[in-house]
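Here come two complexes built around chain A, the first alongside chain B, the second alongside chain C.
Moving on, here comes the complex of A and B:
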């Protein structure tokens, strides 16, 4: 298989300068990341904020040097051959309002198309076509400073797809978008991959056509939305604290928990009980407690249905009332909990 | 664990092919002009382009007239006036190029997308400087015309050495662009005070390049700084080409012929160009190692 992305023992340590009274620190953002992503694959990196997803994307897009290990895009080393890598990739980061506000949407996109060597006529055609896909066709001549953050994000998504790269990196592409817009973007991403797999070989030397794209376009998507990863990706790598904990198809990842029973409970406040109390009960593998206004949510991963009895008994003896109880299929969130021991929200709260 | 891995770089990847160079330069120049001329009203833009340089010159003229009691016919006056006028290129071209890094990184947040694109970054920065060069040229021309019309700056068009003037101007602009590239590299590595680095550099060079006073005025131990600066020779050549007699009234560089000065300017430009390329790529390399390419400083 021709690999679109290949990393070997990739590591990155940030050195954080200390203040007047503090010593410098080292933060290990990535550790021994080994990934093999085939051409034509839609690959997801799933993890909480601060897990190392963006650091990995920065390395793969030549913006950041790794501290150790090696990374290649379509066979080219990101450090030794950055120019060759750049002519084959593009990137979109979500949750930011980048762009030249003084230029119109069309001018912004046209300018980037020219940097990629796309003929002007072809660029204008692609711009119109893609703006229509994201529902921005009526803003063609609007200054980008007059766009809302969400609309700017859509413009940037067009910027990424417009150049038809061999490998496209989308870093939290739906961050900041409303529900409808997120859905549109997700369906477009899936469509883009499906329609362009596989592609015929293209002659080298033409940056606008995405050199070396013999087996379809590849997309690496980072997200901390479980549904997004589950719905879109062919394979998902779950990443936390800079390490890849698991990498497989969403179905296979969830199959890890097929033996387990998963319950979601809504209960009255736990009256001093904690998730640890439940995890101490026989047959309870994991318990995640999320307090809410006037109630609490409890997610339980049990080895067998029988273990629920112990949980209910503990609640009853502590005057905790069950408001709602659902047995459900495992999700990627459950896989994350199983691997990390905490929910993504808890990990993010801990980081803060 | 290896925390000090040094990354090697393919030198060939630093040199653009012709197609990359052309499209990068052309589009960057277009973008630069869109930013520079981004004024709601073109009339206001024109007024600004005239008023700003004239105000700067007026301040200098007022200061001069107070100190020298209005002796506008003294050769020191055209020396100062022309030096000041052409020095606008230093602020325009040199700081204009480095400013593109700050603008893209901090304001438009597009620097990382430029770095991900298959462009040649130094060419992009030089392209962004074209608009600043154009605006500066307009300012310099207006300032000189104003001086000739109203302040007795005597330029005899028939006696002007046009060949020397245009060749010097051309080499000087390249030299300033290279210095701008050097500054852009340093800017990549700076978080704090990044907004002022261009002004600080241009201000420091103002003192050491003979722009408003001959180098002899400086203490002996500071003069070598001026002699090492190509701007010193560039300004001298421009003065000589426009008002030869004025330039000869000051002894600092009078022992050099025009050809010798041109040779020094060319030599120093080559040295600075090599320095600029090395420093820029080194800074870029360091910025990539330290994760500073897409940093937003929030300062």
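Moving on, here comes the complex of A and C:
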């Protein structure tokens, strides 16, 4: 398999300056990250805010030097051959406000296309073509400052795709978008990979997504939306506190939990009970408690169905009422909980 | 999104990209474009960049007239007022520009693209120069008309040469500062603020630089506008030569030297600062 992205023991430590009298503190944003991403893959990096996703993307896009290890894009080292890497990549970040508000959509896109050496005529042709694809053709001559967040993000998406990069980095591309705009962006990304750029064989992959595919454009997507990663990606790496905890197809990741039974419960307030109390019961592997207004949500990963009896007994003896009970298939959220011990929301809340 | 359109996209996209000098110039023009076109779309510059500077110019004109200074001094003030536009442009739209680009999220896109960052800086300079020349011309013409200034150019060729060399050296200095300020955040804004007024004084915007003693004037000559303005005054006003600091040919020679020094230093410093910024992780906006 030809590798589009290859990292070896990649690490990055930030030095955070304190006051004049204090020594700078060190923050380890990435530790020993080893990734092999094949050409043509749509690869997802899934993790909470602060997990190290953006740091990894910055290193891969030559914007940040690693403090240890090595990273290569299509075989070129990001530190030794940055120019060769740059001519093969592009990046779109969620919520970015790049370009100039005084310029129209077409002018902004044309300007960025020139920084990649695309002849003007060809650039204008691609811009028109892609704007039509994302449904923005009627905004060609609108000043970018007059665009809504969703439309602006579509313009940014066009900016990333129009240079036809070998590797495209999408850093939280649906951040801050409404449901409709997010769906549009996701469908365009999937379509671009599926229709224009056939995928290669995916290592230890999901057969439905990986068989009989040739080389193509590669897309690395970072997200903290589980559904986005599940829906779009051929393979997903789950990252937390700078470390890659697991890397496989979404189906294989979820298969880790197939021996387990997963219940989602809506209950009355827990009256002093905590997730730890439930985790102490026999057969309960993980319990995640999320209080709500006047009720609570409890996600349970159990070894067997029988373990539910103990949970129900504990609730009854503490005067906790079950409002809703649902058995469901494992999701990437459950995989994350299984790996990290906390939900992504809890991890993000802890960071704050 | 339109699913019928996307399937055909990249099959037709196998086009030879520009390389070398062609690519470099393409980048320069593309980065200059927003500055030039922005001037057409945001007309408020006419008030802020022409009428407001005219107030300071008028104040000096009235002072000179009140003390019966030679008539040329009024012309010197108007010409100085016109040239302040370039200094303002270099300070606020060159030196501290990369800070704003960083905050807007453009800097990372510039660095990540395969273009040369020198081409980006040259584009910024070219765009700024073209847009500011229009403002400076407007101040010169408006001031000349309001205060009835007798412009008598002795050599258009030399005047053009002095102006161009002063501008290349000045914007070269702007590029040098932009590279230097690459690592800075909001301090870049404060440094620009700090440099604004002293240069008004030491470059002799409102009086001939010869009024200083030799060593002060010589030290101030490191700022390209000092000698550029002095030489232009000598070439535009009949008694300018008598009030000039150095001879025009000598000032032309020094300005040529400054062009080489500033442009070369900017190129070297930019490469160094870019590496440093990548190592320290200071190329992306602070919110991410």
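Methods note: the second predicted complex is superposed on the first by the 331 of 352 C-alpha atoms of A that agree within 3 Å, B and C clash if a C-alpha of one lies under 4 Å from a C-alpha of the other, contacts with A are read in each partner's own complex, and residues count from 1 in each chain.
To be clear about the criterion, a residue touches a chain if its C-beta (ideal position, glycine included) is under 8 Å from a C-beta of that chain, and two chains touch if they have at least 3 such contacts.
Because the structure is predicted, anything quoted here is derived from the model rather than measured.
When both complexes are superposed on chain A, chain B and chain C end up clashing with one another.
Using the contact criterion defined above for the overlaid structures, shared-chain residue A:116 touches chain B and also reaches chain C. In the overlay built on the shared chain, the residue A:135 is in contact with chain C alone; chain B does not reach it. Contact with chain B, but none with chain C, is seen for A:26 once the two complexes are overlaid on the shared chain. Of the two partner chains placed by superposition, A:225 touches none, neither chain B nor chain C. Of the two partner chains placed around the shared chain by superposition, chain B is the only one that A:11 touches, whereas chain C remains out of contact. By the touch criterion stated above, A:80 is placed in contact with chain B alone, chain C being left untouched.
Touch criterion not met for A:336: it reaches neither chain B nor chain C.
With both structures placed on the common chain, the touch criterion links A:68 to chain B but leaves chain C unconnected.
Contacts of A:126 after superposition: chain C is touched, whereas chain B is not reached. Contacts of chain A with chain B, set against its contacts with chain C after fitting on chain A, overlap at residues 14, 58, 61-65, 83, 86-87, 89-91, 93, 96-100, 102-103, 107, 111-112, 114-117. Taken in their complex, chain B has these residues touching chain A: 1-5, 7-10, 13, 19-20, 23-24, 26-27, 30-31, 34-35, 38, 108-110, 112-119, 285, 288-291, 293-294.
Chain C meets chain A in the complex at residues 1-3, 5-7, 9-11, 13, 15-19, 22-23, 26-27, 29-31, 33-34, 37-38, 41-42, 104-106, 108-115, 120, 278-279, 281, 283-284, 288.
Per the touch definition, chain A reaches chain C in the complex via residues 12, 14, 54, 58, 61-65, 83, 86-87, 89-91, 93, 96-100, 102-103, 107, 110-112, 114-120, 122, 126, 129-130, 132-135, 164, 184, 187-188, 191-192, 195-197, 217. By the touch criterion stated above, chain A contacts chain B in their complex at residues 11, 13-15, 26, 58, 61-68, 79-84, 86-87, 89-91, 93, 96-103, 107, 111-112, 114-117, 159, 207.
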